[in-house]
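Next come two complexes, and both contain subunit A; in the first it sits with subunit B, in the second with subunit C.
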Partner chain A sequence: MTSVIGDLIKQSVQGDRIQVNGIKAVSLLLIIWGYFSVENFLTPANLSAIMYSVSAIGIAAVGMAFITLSGNLFMLSMAATAALSTIVFASTLHFGLPVALLSVSVLGILIGSIQGLVVGAARVNPIIATIAVASIVMGIGSYISGGMTVIGKGDASWLGIGKFASLVPNQLVIFLAFAIAANYWVERTRFGRELRLIGLNPITAAYSGIRVPRTLVIAFVVAGFSAALAGGLFASQASQGNLKMAAGLDFDAIAAVLVAGISIRGGQGKIIDAVYGAIFLALIGNLLLVHGLSFEIQLMVKGAVVVLAVIVAALIARGKVR
Partner chain B sequence: MKTQITSMAANLPLVLAVALFAVFAVGLDNFASPQNTYANLQSFALLGLITLGLSMTMLVGEFDLSVGSMVAVAGLITLKVGGDDLVTGALVAMAFAFVVGTLNALVFVWLRLSSLVVTVGTMIALSGFAYWLAGGKIISTDNFDAGAFWDDAILGIFSARSLLTILAFIVMAGILKFTRLGRDMVATGSSTHAARACGVSIGRVHLFAFVLSSLCAGLAGVLLSISLATASATMGSNLLLQAVSAAIIGGVALAGGIGKPSGVFFGVLILTILNNGLSLLGASSAAILLTNGLLLLVVVVIDGKSGALLQIVRSKGLTRQA
Partner chain C sequence: MKPEIPFAQKHLTGLNKVAIFSAWMMATATLSVTTSFSANAAAKDAKVILLTVSEECEYCSRHLQSFRQKAQEEGISLKVKITNFDPAEQASQVDQAIAERPDAIVLWPADASAIVPSLRKIKSAGIPLVVTNSLPDMKYSKFWDVYTGPNDKASGGSAAKAMEQGFNEKGYGEAGDVFLVVGVPGTPPQIGREEGFKQGLAADAPGIQIKGAQPGNWDQTKASEAASALFTQFGTKVKGVYAQADNMMAGVIVAAQRAGIDPSKLVLVGSNCSIEGVTAIESGTQYATVLQSPVQDGEYAAQAVVDLLNGKKPENVRYLPQQIITKANVSECNAAVGR
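Up next is the complex of A and B:
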């Protein structure tokens, strides 16, 4: 029995799993610390708040993980896509929730495929290309909304405040289902293996007959879709949409991916790791919030955590090379 | 043959800037008036400094994403620390910019990471810091004398601010042309390995480029806040987007090793004239944002194509014949 546990510990600190396992352990410690340091930390109300804050960001982080895994660093158009998506969601809500969700999905797939073609087929620098697309999307968004908040004339409460078995928010159920399906897709299918190999070395992958442009376009479509879905979740909470609603989503998704140790060099890490990263950051955000620290301090702590995670990941990578 | 192509490419920004100016001057009544030219040069002063610094990091084959948020932080520090004593504020802001640039370079050189990744972290941390400094308010000063000094018209169309920016371009062109450091920068951007083999201190080159980039963005922020006598957390937004576009239009290659301050000068003029002309035509800020995004997307695709062309030229040994 002890040897089994010993092996388990040995496995979890080995190689490229060390960072995500560290994040899981620290998350557990944060929960314990929260339980003792904050009154009402583990009450249903606060847990529900954490679940709501993790769902949309987690979906975006899962999408971001596809981009990072493919070796294309980050997609800096997620916040813009989600912002436009909140407006589209609110404007189509009077046709019913399914139509609103379908509209934002189409929007996300469209925006994602444009970036996929530009980055995957024309081989443009992904950071610059997605910054450009972000401003196009924001331009369209402020043209449509005129900078105002769009109030949805329909019922989005199933998605916004609905709970599964009156316990777990439907948003969290959607997030976890999406994450598990995405993880299975990358771990168990041809597409996933191709994505990982392209991330490890795109030139070798191309010479080996791997369908590079096709795979990259799919990765960007998934990321665009997940950004738009995150926007739909934001919009559903108050049945309204505006361009400021998803501000910071890029950073949150990048932070989740980086702290979970998905390698920025591409190819290494699992999609599901982004989920642990998102949960970890949601816990930190919640703890800072209940300790009464301001939004600006939260931003700075997140920035510091990201920088720290990048340094740790690089040091681990250097250690492995030696 | 090769020299012809290069000289054409080098003169393209100049030709485009003149053509664009001519089109707007003929089409719009007040465009070529001294007042509007002064206004154009004021926008040029802001964007020019930022683009000049950013293009030096691009020249050495790296990228500084933190320039936009640096503008806001430097402006806020100037007014917040300085109050009415803007000289002290400006000095503190410039010292801060120096430290950030040094940290950017040290972290990515030490960790052997892409500078994009490190400066994404700096960008997040700086914008968090900017929000914290501003505290949701617009910071202002009662000292209008300094602003008057920097902005009073000289010879009708210039100001101390725009003349300083033009001087910065001339100094940078001199450094690149006449100093060893300048030649080392071009060599590093063309091929890091070859430059290292020839005895170039890559770390020193990177340090210089990133400190310069941070200082330029910091100076732009300091002068902007002095000129407006106000500073806010959002005053650097969209500047990164415009700076990348201006640099690439000015002939700086994202891949590194190619680019001149003279080209960047006209690249910035093109963007300034375009945005000024569009707003005189009555375009909304949303439309201008959208145009800038589309423009960047087009120029990065062209940059990628010309980069591929250049590699073919290099691999066939055509550069040696010239």
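Up next is the complex of A and C:
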């Protein structure tokens, strides 16, 4: 029985690799194209610009991947959580950067666990639950900040502009470490296998004695934490927080997850795929910008890429069913 | 069963109809007299409805605060309706507001074009109207009594002057490359400020060339991405940046630092005098901003409604002053940032 399930997982995972491998190949082509078409594309300055633009969104995408993988579609409270955490980050920065980061982490875990309980234990529709929580979180943010920008009294430049070995932004190091750890956790532990089985079929999973509520609460905690951490990264840019800061984070994280081929139906794909998705989107975004294309064109191309990726995913899924 | 004919219909002869019609006419006339009387009543205890856009943006929130305070001082009984920049919701809020028959309405359009039918409705309901912050097309100016708010074109013009002044002060002379980080494309401040900036440079400092522009969507993170790309495109040739809001300029400064460019060497001109700009000017990373105080913006709107209610006839358009702010006079921003 276990080997049957094991084979099933293996098969679905292998079938699912087509899209993410495609994304990797296209990313490589984009880099080559960028090198030949833009004068300063591979300069350290532009590469670090790409790294910065991928870090916060990538962290959120990794968190989002937990939710999608668990079969609960998306967490639509990420932007709100990140926005509130920019305010918490700026308000606690005078205690030092570690305290500020710890505060946003606690905040994210708290918001995540509430949603985990509502969705995992009470089985409320994840879209409705997370939109509702987003609204509550924004309300709290408005109440605390009065809509104002909070200026942090402290130094966040290690996180905002600091570089590891004066080469790679610290933000990127944090992002990659988080992504690799998360991927290892899902691929190699009982929690990860349970998460994937719940995503594939929650009813069977529950009957098979899998700890459904516990696993879902953990998934939402990770997602909440990652949203808050992304908020911390945004806030560290200029040691400031306000509620407008993380707008669009939900869409960006969802786009990264979807283009990487993590199945919207749950259970299929790897956490690390979200990283490739985020890198791919950051590359496209950067190329459109450095080519000086107008905003309308940028929007259309980005939207078209997401639609195309979803169509490809649907075609692959149909092929698998046959 | 025989359907019963209503009493009124049964007894309504031609003569009665005339009588009822004239009674109705008289009632309407009396009603309109009362309405116009209450509209001309003094501001004290007047019922005013403010329809505004959001509490979640700093500017909007300060605008609301200062309006509220001024209204309170004048003894106005104020009701506030907020929409999250949603033109459809605002249209229905306008309908509700009209139904409440206030003595005046103050309106911050969520969308300066979409609001026009609502303006027409308020006008035909005979309710005095102050439009604040976002100026609809002037060809509809007959629908409102007063517009108060920023003159975005003049703001862009002031930014161009600040850029020219900064080029001189930082020793770049009269020529060099700059780029723009603009707000959400199509919004009135984005259009007005860009136009004013371009015209200002063309007239007074034709040597300063605008090499590129990208939207930062009034958002720090987006602005930092846009500026990173523009620094990549134009590298060290860039001598100055005009960001249409100070929070976007904060993103430009981050982008410059990340690209290894010293922001204090550049002529960075922002806009609005928001807290981000004020701190950056004080620390020397940002050269200038253009004052547009949300506090004044709110006060101007409140003053206009007071004038209207007190029976004065204010001019159709009242612009805020758009002063250039540098390190030398940054204290002028204190009120705007609530210090």
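Here, the second predicted complex is superposed on the first by the 302 of 322 C-alpha atoms of A that agree within 3 Å, B and C clash if a C-alpha of one lies under 4 Å from a C-alpha of the other, contacts with A are read in each partner's own complex, and residues count from 1 in each chain.
Quick note on the criterion: a residue touches a chain if its C-beta (ideal position, glycine included) is under 8 Å from a C-beta of that chain, and two chains touch if they have at least 3 such contacts.
As the structure is a prediction and not an experimental result, all values here were calculated from the model.
A.B. asks: Based on the superposition on subunit A, does the combination of subunit B and subunit C result in a clash or a fit?
C.D. replies: Once both complexes are aligned on subunit A, subunit B and subunit C clash.
A.B. asks: Does subunit B (first) or subunit C (second) touch A:Phe234, or do both, or does neither?
C.D. replies: So A:Phe234 only meets subunit C here.
A.B. asks: Where does A:Met138 make contact in the superposed view: on subunit B (first), on subunit C (second), on both, or on neither?
C.D. replies: After superposition on chain A, A:Met138 lies in contact with both partners, subunit B and subunit C.
A.B. asks: First (subunit B), second (subunit C), both or neither: which does A:Ser91 touch?
C.D. replies: neither
A.B. asks: Would you check which partner chain A:Gln19 touches, where first means subunit B only, second means subunit C only, and both and neither mean what they say?
C.D. replies: Neither partner.
A.B. asks: Give one of first, second, both or neither to describe whether A:Phe41 is in contact with subunit B, with subunit C, with both, or with none.
C.D. replies: second
A.B. asks: For A:Asn242 in the superposed arrangement: first (subunit B), second (subunit C), both or neither?
C.D. replies: Second partner only.
A.B. asks: Quick one: is A:Asn183 in contact with subunit B, with subunit C, with both, or with neither? Answer first, second, both or neither.
C.D. replies: neither
A.B. asks: Is A:Val290 touching the first partner subunit B, the second partner subunit C, both, or neither of them?
C.D. replies: Second partner only.
A.B. asks: Stretches 27-35, 117-125, 243-251 or 297-305 of subunit C: which one clashes with subunit B?
C.D. replies: Comparing the options 27-35, 117-125, 243-251 or 297-305, the clashing one for subunit C against subunit B is 117-125.
A.B. asks: Based on the A-chain superposition described above, do subunit B and subunit C contact any of the same residues on subunit A, and if so which?
C.D. replies: 138, 142, 295-296
A.B. asks: Tell me, which parts of subunit B touch subunit A in their complex?
C.D. replies: That would be residues 63, 65, 107, 111-114, 116-118, 120-122, 124-125, 127-129, 131-132, 135, 238, 240-241, 244, 254, 284-294, 296-297, 300-301, 303-305, 308 of subunit B.
A.B. asks: Which bits of subunit C are touching subunit A when the two form their complex?
C.D. replies: Counting only subunit C, the residues touching subunit A are 54-58, 60-62, 185, 212, 214-215, 218-222, 224-226, 228-233, 235, 247, 250-251, 253-255, 257-260, 274-276, 279, 338.
A.B. asks: Using the touch definition from the top, list the residues of subunit A that touch subunit C in their complex.
C.D. replies: 38-41, 43-46, 48-49, 52-53, 56, 138, 141-142, 146-149, 151, 160-161, 169, 234, 237-238, 240, 242-248, 285-286, 289-290, 292, 295-296
A.B. asks: So in the complex, which bits of subunit A are touching subunit B?
C.D. replies: The contact residues of subunit A facing subunit B are 73-74, 118, 122-125, 127-129, 131-140, 142-143, 251, 254-255, 264, 294-297, 299-300, 302-304, 306-307, 310-311, 314-315, 318.
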